[in-house]
Amino acid sequence: MVWYFMDKEILQRVASTARIQLTEAEIEELSKDMDDILKHFAEIKNIRTEEEMYYVYDTENPLRKDAKGHAENAFGIKDQFTKKEGKHLSAPKSIK
Amino acid sequence: MVVIGLEIHAQLKTGQKIFCECPTNYREEEANENICPVCTGQPGSKPMALNQKALGSVIKIALALQCELKRDILIQRKHYFYPDLPSGYQRTSKPIGINGKLGNVRIREVHIEEDPGRYELRKGTVDYNRSGIPLIEIVTEPDIKSPEEARQFLEELNAILGYLDVGRDEPGSSRIDANLSIDGGTRVEVKNINSFKGVYTALMYEKVRQQNMLRRGAEVIMETRHFDEVSGTTVGLRKKETEEDYRYFPDPDIPPVLVTKEMIEGVKKEIPELPRQKSDRFVSDYRIKPDDAWILVSEIELANLFESMSKELKGKEQAIASWIRGPLKKQLNYRDLTFKSSGLIKNDSVLLFKEFSSGFITDDGMEKALIEMLDKKIGYSDVRLTLNLGKINDSLELEGIVDEIIAKNPKPVEDYKVGNEKSLNFLVGQVVKETEGRADSKAVKEIIIKKIKAKN
Amino acid sequence: MAANFDIEKRLEQIIANIKKADPEVKAFIDVFDVDAKARAKEVKEKIKEGKGGKLAGMLIAIKNNIAIKGKRMTCSSKMLDTYYAPYNATVIEKLEMEDAVIIGTTNLDEFACGSDTTHSAMHWTRNPRDVSRVPGGSSGGSAAAVAADMCDAALGSDTGGSIRCPSAFCGVVGFKPTYGAVSRYGLGDMAMSLDQIGPIAQDVETAERVFDVIKGKDKKDPVTAVYEEKENDVKVVGIPKEFFEGVDPKIAKVTKNVIQKLEKEYEIVEVSLPSLKYAIPTYYLLMFAEFSSAMQKYDGLRYGSVADRTKELYQAFEEVRGHSLGKEVKRRILLGTYITMKEFKESWYTQTLKARKLIQNEFKSVLEQCDILAGPAMPVLPWKFGEKMDPVEMYSADILTVSANLVGLPAGVVPVGDISGLPASVQIHGRHFEDKSVFEIMRKLEE
């Protein structure tokens, strides 16, 4: 019986969700690598406890008092936009 | 049988954004000015602690909607790719309030989330000034039975948000998604409704569209449709291949915030008397009609106007209520104004109302005065100086004018004689016009009738 | 700082060292000799006037996944090759406030994905102790720069051992603070609940001096809100037997001998951490999941590689991510995406969270019996280039370092001996916020 966690078809779906384009060769290699890694890590499924750890500490996050707003580094940030359109960031169009 | 559910996203009024200290006046600034490393998702940036005022507002709204509050605020990441989403995920909380109610509609939950930036699809431009503005999302159960009920629900919700002073009043500050299905059939989602008013239009259109399809025997497909405000129609979007998997998981950068008793008590103190309670109280304390009361409470400034006027002019409560919900509201609605934004002040309203109810000015005179006050943004005392409004009480004077009008309009007179009521109203209108609103239409009507009868 | 210490001379020396050694070692990505010289001049004046800050005169190299305003923050990736950070990380502000001089940025595995710096999209860094061997990773550049005297100290980041592994491999001191002790604002995310910035230096005292400056609450990283330095009298040192399983016997021997020396001052007890067998899968699966989320922001629009605006929206994203991200990075994103997808989440991600809780509980209970844990830093000596190509093999090398990140504990490594010319190091773990206790033991071992 062949038992696997990852194959080319599943990888295609994962890559689509993660929005990463893969070549045929990459799909071939990655699906094998990833299946191998998952098989090695599968022992984690044996754990039968109930408690899950979401945060490192049990203490609560403080709140931030509202105040007058101020921007920071706007100029430098805009400068890094990979393409601009006036003061806007340029992005691919989406025609409906 | 129509079944409707609503998801309302409303921007919250705060000085700073939800996870950073940027200003929130995104409409006044040029594109990409109110930004920082956090709200533009720069590599290495981290969210700051949750904005306290934003959270307070959500708790306030949850309590006003009679929700149970959860103990912890847990922020999650909702992952998807879109140009207006600077980090590739939206920070959104798990439900903060649940099992609430507004009228007959159950509230499933309310939670807090961050607004993405603005992406103009057709132009291909993005502005991050809006990215990070705090939003509340209110989700109803599918308890709404018609587009009209939806409209009423949203009117009351809007009033509540106004009373709590937590929302922003600008266009586009609320966005609604609506679900509609007929007779237990497929549910269609309509997105991109950008105003409470648009909801009625969108749902009416969608209801009719689905009804027509069913009548034709066609199948209503489960889909997401886009509301086009200009044409008032819903349009089908290109179908997505697969349903989006947002891979929600708790944001490790934002540990939970505990909702303490102090926080809740503090917020509770700030909740004023809400529309429904106020309306009930108006009916019992001031003995006005429930219909009138309900309209008065739709805007807190209007309700306050009624109350202070009623306290000043004892005994005239119903007349005041009728005046506010009638002529005053009519002029406000026509100009798409709230009392708050109209520029009218209580004292002017009192003066105007006094002169009107004492008979010093006529119905038409009162309306004229209101129009002047609203359009020219002046007070009543100024209006009295510039316009001659006093009612004509001298019957001789009136009769004289009536004679003139009857002489000038033989045909309408004849038409009335043979029973045409409209012609009578026309004649009355002419007299009122001639006197620039100073003639009382009721009195004029009687005089005209008397005169025409006499002629016979 | 002694008044006759000449920072400008020291800078000249450092730059000369860089010119001499770095063509082979290749620890640096960018060297800021012009800026550093100007800054050194300023600081020299301040030192003369007796107004120098706590780190006045210290020349520091920074791992290139930490934001320095106006400088390239490549994260050793094609994706950010052209990105100039528009802001400073909090740690940079703190260093500069105390008059440290930042001399350049160092190489890392791409987006910190790796244990030997060979996954950098820039170039390979070589271990100054043996240039045919890896310097460790992912902060390989920082550790190599310190080891080759190309800086006085360096900052690295540690998610699963990325400070401690290269420090051990290059024979220098490396320290990962308690989670939340140092602000992560400005550190490119790898795994949000595991990352920390920490110092690398030739000696413990220097490392501690740097830590003292960069630590502390920061409103820009709310995770630091819980920070509270705890003082403790170290009395008991625990030696977990699992820390020696599967470790190169030569390393085990050197480590045991050195730790025995602590017997003079402390009580040594043997303890057990059976959950360590889940440490590698727990760490890697958790990190994959958080990393895949951290990497969602790279779509070629706001910074870095340029997305093709003429393409259809999602096509543009898929292409830029496909072309600009390296193989190891892609592998980790895809694995992380997979285990958090609806259909797979319960059986993978949720299990990982359970395992993490198990490991945390066990460490916490063991640290009730002892104040400190000691053991070897790495299970193997630095490997030669080309030796560890298989991902699982490489991942397994982190077995001794990942637990500190999973639990959030402070951990430091200090070189204690030589094995055929290659360094062997001991690793010390402490309780949450007892970073000072870790430094105390590290100082003792250094002697």
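Labels for the chains are A, B and C, by order of writing; each one numbers its residues from 1.
The working rule: a contact is a pair of C-beta atoms (placed from the backbone, for glycine too) under 8 Å apart; a residue touches a chain by one contact, two chains touch by 3 or more.
Just so you know, these numbers come straight off a predicted model, no measurement behind them.
K.L.:
Closest chain to the protein's overall Cα mean, using per-chain Cα means, please.
P.N.:
So the chain nearest the centre of the shown protein is A.
K.L.:
If you tally the C-beta contacts, which comes out ahead, B-C or A-C?
P.N.:
Pair with more contacting C-beta pairs, B-C versus A-C: A-C.
K.L.:
As a quick test, compute the distance in whole Å between the mean CA positions of chain A and chain B.
P.N.:
40
K.L.:
So what's the Cα centroid distance for chain B and chain C, whole Å?
P.N.:
Distance between chain centres: 55 Å.
K.L.:
How many Å are there between the centre of chain A and the centre of chain C, using C-alpha atoms for each centre?
P.N.:
Computed value for the inter-centroid distance: 22 Å.
K.L.:
Give me the residue numbers in chain A that touch at least two other chains, ranges are fine.
P.N.:
Answer for chain A, listing residues that touch two or more other chains: 17, 19, 54-55, 57, 59, 61-62, 64, 72-73, 77, 80, 89-94.
K.L.:
Tell me, which residues of chain C touch at least two other chains?
P.N.:
Residues 83, 86-87, 193, 219, 222-223, 225, 299, 301-303, 309, 313-314, 317, 337, 341 of chain C touch two or more partner chains.
K.L.:
In chain B, which residues are in touch with two or more of the other chains?
P.N.:
Answer for chain B, listing residues that touch two or more other chains: 37, 40, 42, 48-49, 81, 83, 124, 126, 245, 247, 252, 254-255.
K.L.:
Which residues of chain A touch chain B in their complex?
P.N.:
It comes out as residues 13, 17, 19, 54-55, 57, 59-74, 77-78, 80, 85-96.
K.L.:
Contact residues on chain C for chain A in the complex?
P.N.:
69-70, 83-84, 86-87, 179-180, 193, 219, 222-223, 225-226, 277-278, 280-282, 284-285, 292, 299-314, 316-319, 321-323, 325, 327, 330-331, 333-335, 337-338, 341, 347-348, 350-358, 360, 391-392, 395, 407-408, 432
K.L.:
What part of chain B is in contact with chain C in the complex they form?
P.N.:
Those residues of chain B that touch chain C are 37, 40-49, 77, 79, 81, 83, 86-89, 124, 126, 245, 247, 249, 251-255.
K.L.:
Considering only the defined contacts, which chain B positions touch chain A in the complex?
P.N.:
It comes out as residues 14-17, 21-25, 30-37, 40, 42, 48-55, 81, 83, 119, 121-128, 226, 235, 237-238, 242, 245, 247, 250, 252, 254-258.
K.L.:
Per the contact definition, I'd like the list of chain C residues that touch chain B in the complex.
P.N.:
My answer: residues 65-67, 73, 75, 80, 83, 85-87, 89, 184-189, 191-193, 219-223, 225, 289-290, 293, 295-299, 301-303, 309, 313-314, 317, 337, 340-342, 345, 349.
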